[in-house]
Structures are given as C-alpha cells and as structure tokens.
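After this come two complexes, each holding subunit A, first together with subunit B and then together with subunit C.
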Partner chain A sequence: MTSLTSEGPMRTDITTRLKHHGGLVALAIILLFNIVVTPNFLQAQTLAVNISQVATIAIVAMGMTLVIATGGIDLSVGAVMALSGALAPLIFLSDFGTAYPALGLIAALLFPLVAALVCGLFNGVIVAVLRVQPIIATLILFISGRGIAQVLTNGNLQTFSNPEFSYLGTGKILGFPFQGWLAIAIACLLFWLVNRTVFGRYLLAIGGNERAAKLAGGPVRSVKIGAYVICSVLSGLAGLIVVAINSASDAARNGNLMELDAIAAAVVGGALLQGGKAPIFGAILGAVIIQLVKYTLLANGVEDEVALIAKAAIILAAVYIQQARKE
Partner chain B sequence: MAPLLAMSGIKKHFGGVPALRSASLEVAPGEVHALIGQNGAGKSTLIKILTGLYRRDEGDIQFAGQPSFLSSPGEAQSAGIATIYQELNLVPLRSVSENVVMGQEPRSFGFMINWPEAHKRTRDILSRFGIEIDVTAPLGSYSTAIQQLVAIARAVSMDAKLVIMDEPTSSLDSSEVEILFGVVRELKSSGVSVLYVSHFLDELFQICDRVTIMRDGQTVGCREIADTSKLDLIAAMLGRDADEIAAEGLTELAGGKKAYDEIVLDVDKVATGPRLTDFSMTLHRGEIVGLGGLLGSGRTEAARSIFGLDHTTTGSMHLNGKAFKPSEPSEAIRARIGFLTEDRKAEGIVPHMSVRENLTLALLPSLRKNGQIDLEREKKLVSEFIQKLGIKTSHMDQPIRELSGGNQQKVLLARWLATRPDILILDEPTRGVDVGAKREIQAIIRNFVDEGHAVILISSEFEELVEGANRIVVMHEGKAVSELTNPGITENALVKALAHHEDAAT
Partner chain C sequence: MLDQNAFDLRKYISRNPQSVAVWIALFVLIGFGLLRYDNFGSAYNITSFLNYNAMFIAISVGMCFVILTGGIDLSVGSVAAFTSVVAAYLSPYGIEVAMPLAILSGVGFGLFNAICIVYGRIPPFITTLATMLGAKGGSLVISGAQTIAVDWGSNFTQLGMEKAFGVVPWTIVIVGILIVGLWIVLEMTSLGRTILAVGGGEDASVMMGLKVNRAKIFVYALSGGCAGLAGVFLASGFGAGQPLEGVGWELSAIASVVVGGTLLTGGMGSIPATVAGALLLGLVFNILNFENGKGWISFSAYWQMVIRGAFLFAVILFQTRVMNRRSTVEFAK
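Now for the complex of A and B:
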C-alpha cells in the first residue's frame, strides 16, 4: 500500500522500484548467475544443501528482525548458538542421558533452549531495564557466551551418533529438510505474532516511537525483553540444528559470525535499523540471498575471506537502499 | 512590482488522491504574506512543492524572475528560500549549536568545524530572540517552544530572500509570539519576504500584508489584510456564509451544565522534582479545570505527575476517594485517565503506523480476543471515530505521517476518547487545528465533560481557558499559586494573575 501512496521526495522510478523489490531482484540475479556459471547448480542435491543451511540463518534472522524492530540489535546470537549446541550432546551423552535415552533426548532439546531463554532474558533486562545500549548490552554475551560453551566442553569437539537427535538437522518430510519445515512454521507463527497480536502491535509501536508507545500505556520493558528472549530461543534452536547436521558440536565454530549473517538477512529483508518494521518473510528472503551468495562464492572457489567482503558489500547496499527509502 | 514568487496551476496527487487541484500563490518582495486554509487544504504540500521536497504533477513556479525547478530543500536554501516546516525537522539528540549551524558550519583550516565559533554564532542568533540557553546541551532537552524558536532562528539566520514559516507560533506563548513578530517585522524592513501559515487568524492582522486562502487543494482567494475581517476569512476558508458563522460564536467550550459536587481527583502538595515543587488541585465531575501559567511554570510536569510519568516525591493524590500513585502510564490508563501530550511528533504519533493502528494504540489491551487483536471491532471503532471527528484521511490504513497536521491531532484525540476515560488531561488540544475543527474539538470536549467526566486543560490560548474552564489553577515556578473561578474570569484577569506572580518573583 505504501508503494502507492507514499510519494516522498523525488526519486527516479528505478530506485522506487528497487527499494520495494530490491530483495527479489537480487535473488533473481543471483539465481540466474548461478544457473549460468555454477556447475551442477540446478540439482536436487544442491537445493537440499542450500535449504538445510539456509534454515538456520533464516531462523536466527527472524528473531533478529524482532529485535531490530524495537530499534535494538543482538550481537550474541552466534554465542547463544554455540552455548545451546554445546549443552545438547553434554546432556544426551551424560550418564543420565545414556541410562534413559528418551528422557535424555527430551532434556537435550529442552534444556539448551531454556539456557538460551535465560540468555535472552539477560540481554533484554540489560537493554530494557538498565537501559544500556543494545550493541553494548549484547556484546557481553557475544564475548562470554562462546567462552562458557568452550569451558563446558573443555574446548573439545564432541562427536556423537544419535540418529533421533540428528533428525533435527538431517530428517526429511516429503523430501524437504525438516529444518526447512521448521523455519516455515516459525515464520508463520511469528508473522501472526507481529501482525495480529497485541504484543506485535506494541513491538512495532515501540520501534516506531518509543515515547508515544509508553505514553499510550505500552509495556515497553516487557515487550523489549520478549523480543530478545524470542531471538535468543530461536538462536538456541539454530544452534541445535547445526549440531544435529554435523553430528558433532564444536563450541568454537558453531554460530561463528552468525550475528553478521542474521543482521544482513534482516536488513536485506527490509527491517529498518531504526525500528518500527518487522518483515518476517523478508528475513527469510534475506537469509536465502545471504546463503546463495555464500554458496556461489564457495562453489566457484572464492576464498572465505573474500566471501566476507561480499557479505559486507551486501549489507552496505541494503542499508544504502534503506536510507534512500526513508522520509 | 514584479512578484518575488509566483506559483500557478499547481497540481499534486498522492497515489491517485488529489492534494492540490489548482493552487496558486503570489508573494511580493518585502511582503509578509499569509497562507490560510482548513486542515488538509494543502498549505504544507504547496510549501513542500516550492522547496523541492515534493515534485509537482503540473504547474508553474517563478522565483526571483526565473522559472524554478528546485528539487531538494538544499537547493531551495541556496536559492534563497529558508523554511521552517510544520513538523520540526531538527535533531533532538544533537546540541542546539549543531542544529542551528547544520549545513553551514564555520570551519578552521577548511575542514575542521570551529566549535567555539559555532557556539558563539548560535548564541548571537538566539539572542535576537531573547533566548539565553546553554547551546551545547542537546536540543531535545528543551521545551517544544524553545525548539520551535531555534528552528525559526536557524531559518532567519540564513540570509534568505523568502522565509517560510509553517505554523511557527503553534507552541509559543504570547511573549514569544511577540518576539517572533519583532523578527518578522525586521525581516520585512530589510526587504525579505515572509510566507506565514497559521490558524491563529488574529495574528495575521498584526503582521501580514496580504492573505491567500486555500480550500480543498485550491486557491480560492487573495486579499489585502486591511480590506478583510476575521469572519470574512473564516467564511472563505470554510466556504460558508459569514453571517451564519457569526451567529454561532467562536468557541464551543463555553456553556455546559454545572459541575457536580463529587470530587474525582484530589491532588495535594505534590512534588516530582525541581520543575514541580508544590502542586495542589481538585477536580470535580463535570468540570474543566484549566492550568494557567507561563512556559516552564510546571503545567506539563503537573500533568505528567498525574499520569504516572514522573514519580511523586512528596504529597499525595486521591482518585475517586482512593489513594492513587501511578508509577506507569498504563496504570493511569487503567484508572481511566487519558493524556493528550503537547508534542505531537515526539510523543504522539507513530509515523510508520496507520491511522487505525495509531488510533487504537492506547486501547489495545481491551481489543484482545482469543489471544489476538479483534480486527473487526477495531475497524468498526476506528471508522466511527473517523466519522465523528471528521478526520480527513483517504482510508484508515493510510500511514498517519501522510495526514495533515491538524488531522493527526484529531487522531490522537480519538486515541484517548476511544479508551472511554473518566479524566482527560489535554495539553494544547487544539494546537494546529483549523478554526472549524477547533470548534468541533471543543464541542467534543464540552460534550465529554457534560457526560459527567472531567478535564484538565492546558492551553496557551487564553481565550480557550477563560471561556472553557470552570476554574483556572495558576501556576508559577512549579507551584500552584492561586485559583480563579468562573464565571467572572476575563482574559485580563488571567493575564494579571500570571503577571502578578511573575513580578512578585523578580
């Protein structure tokens, strides 16, 4: 609707179009490029690999989108992934876990998520109650979270074989990766949360104008804490998926640099860094783009370091288009 | 003499909805020219087209003898047009100096900003307006009035041929308005033209030479101010008959039934900090109590304390006989209190959100049904209020930032009326609304009070206070110092009461 009525300052038609469908255009370009250049791109195998990897980015990016919608940012998502990922094998490999495999499995799924929830609570309280800037507040766990995970695992790589747990990362339903379904289900749920519930309305209002939201009786603190909690729990879930995919937990690498991917995906998907917008499906689109860029570079033998620069360029482009869209 | 500015046949659509259908405007050199019209008539849009913020669909603009195709406010500035937009576009977190010199910073060595010089220049510019403040403090730490004066000072300092002021006096008190008029006269005498948009028609007669009237996106007339009258202007703006309007009177606040005896709110010696040290008042059912005072006298702080925004350090409040000490706005709202704040942009609207979402923001908890928002009820309620308050919007899902200033104000009033409050605190409720809508809003307030509710009214328009309020609590330096009771209050008496304490203090 905005695309029709908001005739802001003068822009050329191309930018107008770009700013509303930039993501889709970028996606089309990358797909075309790959079809032409990358060998074996149009194969089921490639698709499956990409989907199973994009799901984790998408899940975290959706949580990030909620946090960004409040005008915040969460740098600790990667660390939370490492933490929850480290906890799961510790639990099902423990004496208790081996004695009661079923209970151990449930605990291995639940407990890490609870730990992630506590992390989110921590972030949220520091931001919303102590009023520390989000970027600083979440830096605390960004640094210490992974440290804790490494201490818990003595810095070791934990390998395991637990087919039930690994289903989270390798299972398929109707030929489509389980985590892909999970991401879609979460997207639907969050979309409903943002667009149909009181929580969602407050979330957007707080990001759009915090003082106004507060004056209208909005529970600013609890809504902000809620956003950080959801983001952390989703990161925890993503951490479990990564561990399940690899049948191994590596606290040093799980979720490494995920904060960048997630922020990039959210921004490419249309989240405004100043808050007030929470495009959930946009985050998925953003995640797909980020994943495809990574894959494209990797498949064509480009170094990891260069891939990082490419990602930075994408963020830059997205933010630039966003600035142009403001007013 | 050739006009400095000539706009003709200007048309502008926003997504198919016409905002300007055929607007024209001529401003002579050295003239103070007024532009008036109802909310949504297209005044601000016409200005934004002139300064290049919007692109016109059709029409012709001549500025200083040449066709003008400005495409950004920056270009307009270099061409000699300085503008104070209706929605102040300053940066509240930055210092006053930064805001004033923005875009024309004094430099040393060609690249470093010379801050001592910037501060000095800012102080000089502001002193013309009689403002002595710490220019290194963030602009946002000052009142709306100061911010507005800073915006005006900034524009005036830019050596322009034309200074445009879109509702510059909306948050100024009478002494500040006088200062502004002084500056406008000074500009005029040095040959600068001023385009002046205002809903305060009385002001126009003091400083303007000519007035252009707009209605529904069209220019419907241009008169010499000396040849016209307030009533005549209102009639032209509304497109109605002057005699008919005269018969109706000018404010709708007056009259009403007598207040009841029952006290709804009793505030006793409340203090919240240095800006509010001793505030007492009682509020009866069916009553409007005005808070009178000059800027900084603590009126807004008094309202904030009742609404749970500032915590009371001493004193007590009773609501319907029960002790009342809200610590959050949401508590006050649950206790059926509403608070329409004075700063529409900073504390009122959520710009990205639609009219609908803005209107129901304070009402959300009671719209919950089965865990989600009851959209059916929400839509029904919103369309009721849009109709009842005559809000001009193309549809309820239009982003509120696209509405004209006065219509945004109506949405915010509706936000509070929708919560069915018992007590409404109104801080400048008719700011920026046109004469017609002002009467409508006043009638709504009157009606609300007559239903047995109560209102605390803060207004820099004495007329509104004097005619509307049953009583006026006069405030001075954070204290409630005296009380005037209607009938019997006159504007003179109020001015005297205010001045009395001012003198006593100095």
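Now for the complex of A and C:
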C-alpha cells in the first residue's frame, strides 16, 4: 500500500474509498449489469422472488456476524434450521395441534425457537466455559443436529397445508414479502444491540482483545454465550421461514450448506474473522450480493455449478481486499 | 534430526496424553464388538470395513498435517469428488496413469490453497472454504453433474475391489504405506519438526529461521494429494466418478483428527492416533449395523449421525479435562 501514497492524495482517496465501500460498488455493478442484460429484471416479481430468498440468508448471516464479532464461528446454523423446521410441522400436525389449531400454531412457532435457543446455549457453553475452539464446538451440532431432525421425522418429507403458518414465508405487507420486513426489523434491533448497549460494547471488545475485555471486568462468558444463542435462535427462525415457503419440511435439505452462505455473506459484508467488528447491515448487503450473483447467473442460463465457482471467487476477493486494507 | 524415542510407548503417552482416550475407546469398542457379535472378527468384516474406511483414513492423515500447522482444510471432500471424476475419465488408460494424474489434480487444489494462504495471506478457513465451493462446481462442470462410469475393461477397478496377492485389499496396502511414510516424515525429519514448530508458534518459527512457508505449502499440497487418493479409491471401489459425493467429508476428517487428540491450535498431535480416531468413528457405523442385525433394536441410519456427534462431544470433554490438568501442572512449575 506504500506505493499508493506516493502517487498523490487524490489517487489514495479514491482507492481507499473504493476499498471501504467495496460491497456497495460490487452491488452497483451487479445491479447495472442486470438492468442491461437480464430480461425482466426491473419487475416487481423479480424483486419479490429475490427478497423472499435473500431474507433467510440475511437473517442467519446477521446472527453469524455477532458470533464472528467475538472471534468465533458457528457451523451449526444449517443443522439448527433443519431441527426447528422439522419440529414445527410435527407440532401443528400432532393430535394436540389439530385439536387446538390456535394453540398448536403458537406452540409450533415458539417451541422450535426454544429448541434453537437450547442449541445456542449448548454451543455457547462449550465455547465460553469449556474453552473449546468454536469450529469444533459447533461441529458437534453440525453433525448431530440434522441427525436429530431426521430421527424425529424418520427422514420423511412432511407436507402440510396451514395458511396461517405459511404466512411466515408467503405473506406480504405493502406488496413486500413478510420475511423481508422481518429481516429489516431484526437488523434494526441488532444494530441497536451492537451499537447502543453494554452487551454490544463487550461483544466488540471481546473480538478486539478477549484478555483485555476480561481484565477490564467484562462479562466475557455471558456475552459470548449470548452471541451464540442469538445466532441459533435466528437460524431457528430462518428454518421456520424455509418450511413456511415450501409448505413442506425436509430435514435432509433444509438449511443445507447455509453455514457457507452465512459466513460468506458476513465476510463480504465486512465482518473480520478475527473479530472486533459487527457490521449488521453489511451482513444484509453481503446476503443481497450473494443472492444477486446466484440469480444473475441463473437468469442468464449459466448453470448452478458455475455459480458455485463464482461464489468461491467472491469470497476470496472480499477477504483479500479486507486483508489488504488492514495492512 | 533422528528422534530415537519416536516409537517408545511410554514417551508416546507422555507426549500425547490427550491421545490416550481414543485408544481406550477404540479397544473398548472392538472388545465389545468381538464379545457381542459372532462375525465381528471375521476376515470378511475386517477387510470390508478397512477397505471402505481407507479413503476416510487417507483424508484424515492429510488433514492432521494441516491442523498441526494450526490451519484447516475444508476443501478435501469436494476435491475428492473432483478427483474421482478425473480418475473415472482416465480409467481406460489403467490405474498406473489414472491414479498419479488424479492425485496430481488433488495436489493442484492443495497448491492453490497454499498460494492463497501463504502469499495472499487469506485465512485458511476462508481459502479452503472457497476452494471447497470451487472444486465442487468444477467437478459438476467436468462431469455434467452425472456420475461417470469407469472403464471395467482396464485394471482400474482392481485397486478398489481386489486383494494384493489375494490377501489384503490394495486400498489397505496403499493406506498402510501412506500412514507409515507420513508418520516417519512427522517424527523423524526436519520437515516434520518444522511443521510442529509452526503450529506451536509461527512467529517464533520464522524468527528461528525455519522454512515456515515451505512447511505450509507442503501440508496443503499433501492434504490435496490425500484427498486425490481418496477420490481414486472412491471411483475404483464404487465403479464410478461421483461429483456429488464428499459432502461433509471434511468435517468427518476434522472430527477424526480431533478425536485422535490433535490440538486444533496446532503444534501437537499424532498420526497413529488420527488413524485410530478415523477407525473409531467408522466403527460406530459398523457396530450399529451389527446391532440392527441382531434385531433387538432398530437404529435408523439417522441415529448414526447423532451418535457420532455425541462421541465427538464425549471425547472433547475428556480432552479439555486432560489439557486443563496439564496446563495447571505446567503453570505450577
């Protein structure tokens, strides 16, 4: 980066700006490209499709951003999605759920989130109290969480028709998908949590320097556990949304590879893997970019497989730029 | 640089206290199986078990080297799928052409990882995550998302389906050579010492003038090569290159390495214990199959993942206790 400073202040200014807002620049390029090339891109339906798909990635990515801010990682998000997604139909299709539809619906929304919360506690306690590395701690649920979901459903696809529950994934407010509003509301809440509360201060402090945060008397353990709990609950919510969109729950596929999308979105959005930064709206930006790249390639007849390679390139480029910025 | 004590059991235990758990668990599980099931100790069960697990062992020992340097390689599953397709395409030319070239393609992915990590300074987790996606996309592109049948006319399928001199399956022979070779590299060469030193403290290793970059490039290339070998086993043993296989293999391999007592932070671990870890996780499946065969209970395939996770949890709990005791002792000194 030293060579840039010798080329005059103007040049440096533009390059650093580009680096700090690389995500927005990338988004602008993708949007422009689509407006010119992709047929029917500027239509309400395209927008709705993309929003309904990006919302789940964004919701999980925001939780992941909190965990990454503590210097951790959560591999279990996809498995937690499968678990909560499997529980909901089990509850409202049960004898109790069919006898008392209203109570059954509430239980079907609450109980899976409680199960997700327990998963988050499990992860958080192993990381914060037993001090196991986050990759390994969350690997336990990554392996067995989906297994539990499949044991519960016997590996069967659960289909259902429940308009009230499906509102979570197919409802619209002001013509805008319900889960999109939900994602925005969660983003505002988390933004407040990170930037305006003691929890948020310590969250960033732990990622910046855990030892210092501890010596300063910070509640390091509970804040860390909190981050994993929030991430898991949000994953549980995303699992419910996916099930609601499909009117079916497939424990083998729900949330499959979501951990990768969520980590990618968080990193593209500016989260540092070493911790200390929690760009909540960045996570949404990252999720939108990843979704749009996927959509652009699909809409232009590029195969799914090539989209994977494109995603790989995006992740590498985003982190490489991040790395260069730091040095 | 020769370490005279490398194969001394007492020294081994004192240097790898966290590996004791896996050996105890492995022997207990084998004893349980031998006592409970009639055919558990049969030559057929042992060879088919080892034959099937050969590819997981190969990936796990490669992963062990990467983890010893404090890194991680998430790309091994996709790379194995990729190389299985490469091997299937090359199978008409015979095993002597298909195997080296498929392994080389795996090494290529490993070198790409190494370049990004060493020269691009991109964290291993992210680099290999991207390679995982890239290799998966690549294998789907070159195969057209279809399984690619191997050529049954050549000697390619002999590797995965026939026995060396009619006694031991070829896969087991090759993996055995790999294990012994890598064990020697780790315990008895300067490269092995450097790998352990890098994991123990990278900055200190650089200051001591150790060839840190060379060691890191070696481990990622090795891991890619091991994944390549696993891909060859996959194609040869199942008669097809399988672009959709390999999902979750990287996590199984990491689990084997961790169950074997290797510290994820690097600097400490052992190849034999990693093999024991891979065997232990595989045995869980094998024993469940036997238990289902007895007819008393019926565990669905889905239980196996739950039980694997529980195993990992138990071993981690044990490890943290051993390590905490150890660090308190060192602190007291």
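Just so we're on the same page, the second predicted complex is superposed on the first by the 311 of 327 C-alpha atoms of A that agree within 3 Å, B and C clash if a C-alpha of one lies under 4 Å from a C-alpha of the other, contacts with A are read in each partner's own complex, and residues count from 1 in each chain.
The rule we apply is simple: contacts are C-beta pairs under 8 Å (C-beta built on N, C-alpha and C of every residue); 3 or more make two chains touch, one makes a residue touch a chain.
Remember, predicted model here, so these are calculated numbers, not experimental data.
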{"item": "Which of subunit B and subunit C A:Asn154 touches, first, second, both or neither", "value": "second"}
{"item": "First (subunit B), second (subunit C), both or neither touched by A:Pro163", "value": "neither"}
{"item": "Comparison of subunit B and subunit C by subunit A residues contacted", "value": "C"}
{"item": "Touched partner set for A:Gly276, first subunit B, second subunit C, both or neither", "value": "first"}
{"item": "Which superposed partner A:Leu204 touches (first subunit B, second subunit C, both, neither)", "value": "first"}
{"item": "Partner chain(s) touched by A:Lys214 [first = subunit B, second = subunit C, both, neither]", "value": "first"}
{"item": "Contact residues of subunit A, present in both the subunit B and the subunit C interface", "value": "none"}
{"item": "Subunit A partner contacts - residues on subunit B that touch it in the complex", "value": "13-17, 52-55, 71-72, 307, 309, 328-330, 332-334, 339, 341, 346-353, 357, 361-362, 364-365, 367-368, 371-373, 375, 394, 397-399, 402, 415"}
{"item": "Of subunit C, residues touching subunit A in the complex", "value": "72, 116, 120-123, 125-127, 129-134, 136-138, 140-141, 145, 248, 251, 254-255, 258, 264-265, 300-310, 312-313, 316-317, 320"}
{"item": "Residue ranges of subunit A touching subunit B (in the complex, touch as defined)", "value": "1-2, 4-10, 192, 196-198, 201-202, 204-205, 208-209, 211-219, 276-277"}
{"item": "Residues on subunit A engaged by subunit C in the complex (per definition of touch)", "value": "73, 75, 126, 130-133, 135-137, 139-148, 150-151, 154-155, 260, 263-264, 267, 273, 303-309, 311-313, 315-316, 319-320, 323, 327"}
